[in-house]
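First the structure, then my questions, so here it is.
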């Protein structure tokens, strides 16, 4: 059985991964670029990620199986993959708790990847996952110049860079990437999509709030408490977004 | 007769409540979260609120009857409700004049719930209801830390917290909730929707105006006069929004 | 022949006026409120304006004939009109060159009606009509408190207030109204729609530019030259907007 | 064979040029104004550009052949052209490497054409083409007053003004035009569209970042490296945007 267009992961997971691609596009979190993966649900040493195609256009047959160990496809005849797939593989390697990874250039998040000193702290209850005991000041910023010098193309092109990014992520749920975007992780695919959307919502809110005066961030305790509460409600937004994405999606490949 | 999918409230009110859910979504006032209720039109001790589902997906059979006294459903077999239904019950209890309540995370309003000292004063004639003699400086801010400490999940989870919120609301029409959103009340469901939409409009306007210089707010007299005038015109936007929401809504449950 | 749903103005003008209502809605210049009129093309003492209905829902049968002299409908059985129709009548009276009037609450324009001292100068060539020899510093601001005191509902409810607004407009093409919106005039209906749209575009541009540093406004000569050039091209946007508005419009009354 | 609605350029190029018009509209880079051209693929002395019509409404039969030498149509019976076609002809003359040109009034770019001293530096990896060794500080600003005085209509109406604009562009890929918009060039039509879209994305990002603190721009080396990488991926966004534009486009002329 070929690794391309076929996987022994559950059909539910593949279907959710296709939906996740379309939801992230429809919610404005990815454009023609960005990608979302899920760890294989029967084999933790593998993960599922689309071939090199825009998320809005991903179909089930575009899903490819990769090895966590190498970031390379399992099948020798796999189609061309995304350049930055070691973002996914190295995070799955470093964080056994992570079951899904989203990488994007989320538009309101990018200013926090560009302006020195700006911190993407959680300021509303829907985005508690940005802070808490694991990330008391909000997501850390990965400066690729510290690892690849000042002449790189900013992409995570190697296992070494993926591992460095995973170290900056640490135990947190989001890591910002200077001049580039962010990467979001979660214990499930649906929660990863939820976190990617509300990272953008919180960023937009901060962009609106900072000019008004001193901003009140959630305490670490509030952040952890809201995260636990909201992520128990993840079915509500997922079903809404999925239905919308399906009604607007006309697959074209 | 079961309280679920059945009520002896007028069919017009139930239909308006379903429309209100869809309008608030379509106008960007709620996303997958937020809720709107109406006091029962034949029994002031009850109110109608959807079960725990995204507003865009609410159908008539999702409407549940609750007791004002307790915030609990009348029927023992009622489906799961929203976590924060005491927002509604405690306001109906404290304010006999209130016939409808909207709770939301309205995006342009949230900066005024996050930046210390920013006031959401009415600056345009469509939003006079934000001020007036009952709220000369605009809506008050409810700081949940004053009631639940600094480790809560920010939700109004109890009658006590609902009652505290109602006290902060006082005689006003809107109350802001720190790090969370706002709650809007009105003497009718259609006016509640109108006020929720124009609270967002006024907030967006203030976000654009504050960087330009000193802002001229409505006087209390202007605020009261514009409120009375505009709310006599509420059928005009209601019919427009309702037609749009109906034409874009394909119920899916 | 009744003045309601009938007029001896040209069929082309009536059709353009219906399209203008829908275009202004579809371009985000009016919401459920705002209105657009045209001077009767065979009788300069009359003008055409919809009955009291949201612009998006205007049909040909909603068009009513009004007298310039009084702002009152010609037919005794005319349906209810907009409260502020003297905006239109008094400007037609004061400005024989004006053939069309748009009144709106254009969202990016409103900050310039709220923040003291901010001037809506033309900064891009599409919006030269905002300045020029007739309005070297951009549109003037009408402060209704100077005419109706500090307890009004901000509406132009009388011939006196309409006349005061027309005096503030003077020979210019746009007048701002504090806490309320703006009014745009032109020598033709299509140019009035063009100017209303690009007043919003220029305002949005200024809101983005002012935080960046000193802004370079058009000189009065540039403003007049660009106005003459662009308004010779008005068919291009009109046909685009009209086609879009027609394809999205499903009349409902 | 007439130059109107006929050309001996490849059918693929004509089809891409029609798609490019619709993509630029659908992505919000042009409105009723703006234009995109391609150098003829069999004869470098000619280029293809639509007749004077809104980009969203361009059909294959609207494509006209122009002479690079003069900016005039090859056919004596050609339909009316855009006023500013010497933007295209003079750039093709000065820059043999350029195969496509986009001129627009891109909304987030315009503040950088209006606020004195603001620089549109590349700050994200998708927009490296704005900088690099050829444009270390980002695009230069063309001030038409230096060439046409302070009473012009800001349009590039002559070969002389087109040549002056081409000199300000120099070896760069984007040139800003004071109070007007920008012009983007590329070695292929698809890359020109890509650059026009991401010029807007980078501008929006800078508008969000500048109020937050000191901004980290790409180094010239990063800018060149990211440009080379991303433009090797141009098929991915092109196919997505093209499919969307085609599904939303109903030709009307």
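General remarks:
A, B, C and D are the chain letters, set down in written order, and residue numbers restart from 1 in every chain.
Convention: contacts are C-beta pairs under 8 Å (C-beta built on N, C-alpha and C of every residue); 3 or more make two chains touch, one makes a residue touch a chain.
Quantities reported herein were computed from a predicted structural model and do not represent experimental measurements.
When the CA atoms of chain A are superposed on chain D, the rotation angle comes to 90 degrees, reported as a multiple of 5. Judged by shared residue numbers over all numbers used at their interface, chain C and chain D contact each other through mostly different positions, with under half in common. Rounded to whole angstrom units, the spacing between the C-alpha centres of chain B and chain C is 33. In whole angstrom, the spacing between the mean C-alpha positions of chain B and chain D is 46.
Residue numbers of chain C whose C-beta contacts span two or more other chains: 210-211. Taken chain by chain, the contacts form a single closed ring in which each chain touches exactly two others. The touching residues of chain D, when paired with chain A in their complex, are 123-126, 128, 201, 204-206, 208-216, 218-219, 221-222, 225-226, 228-229, 233, 236-237, 239-241, 243, 247. Of all the residues in chain C, the ones that touch chain B in their complex are 31-33, 52-54, 56-57, 83, 105, 107-108, 110-118, 150-155, 178-181, 207, 210-211, 250, 252.
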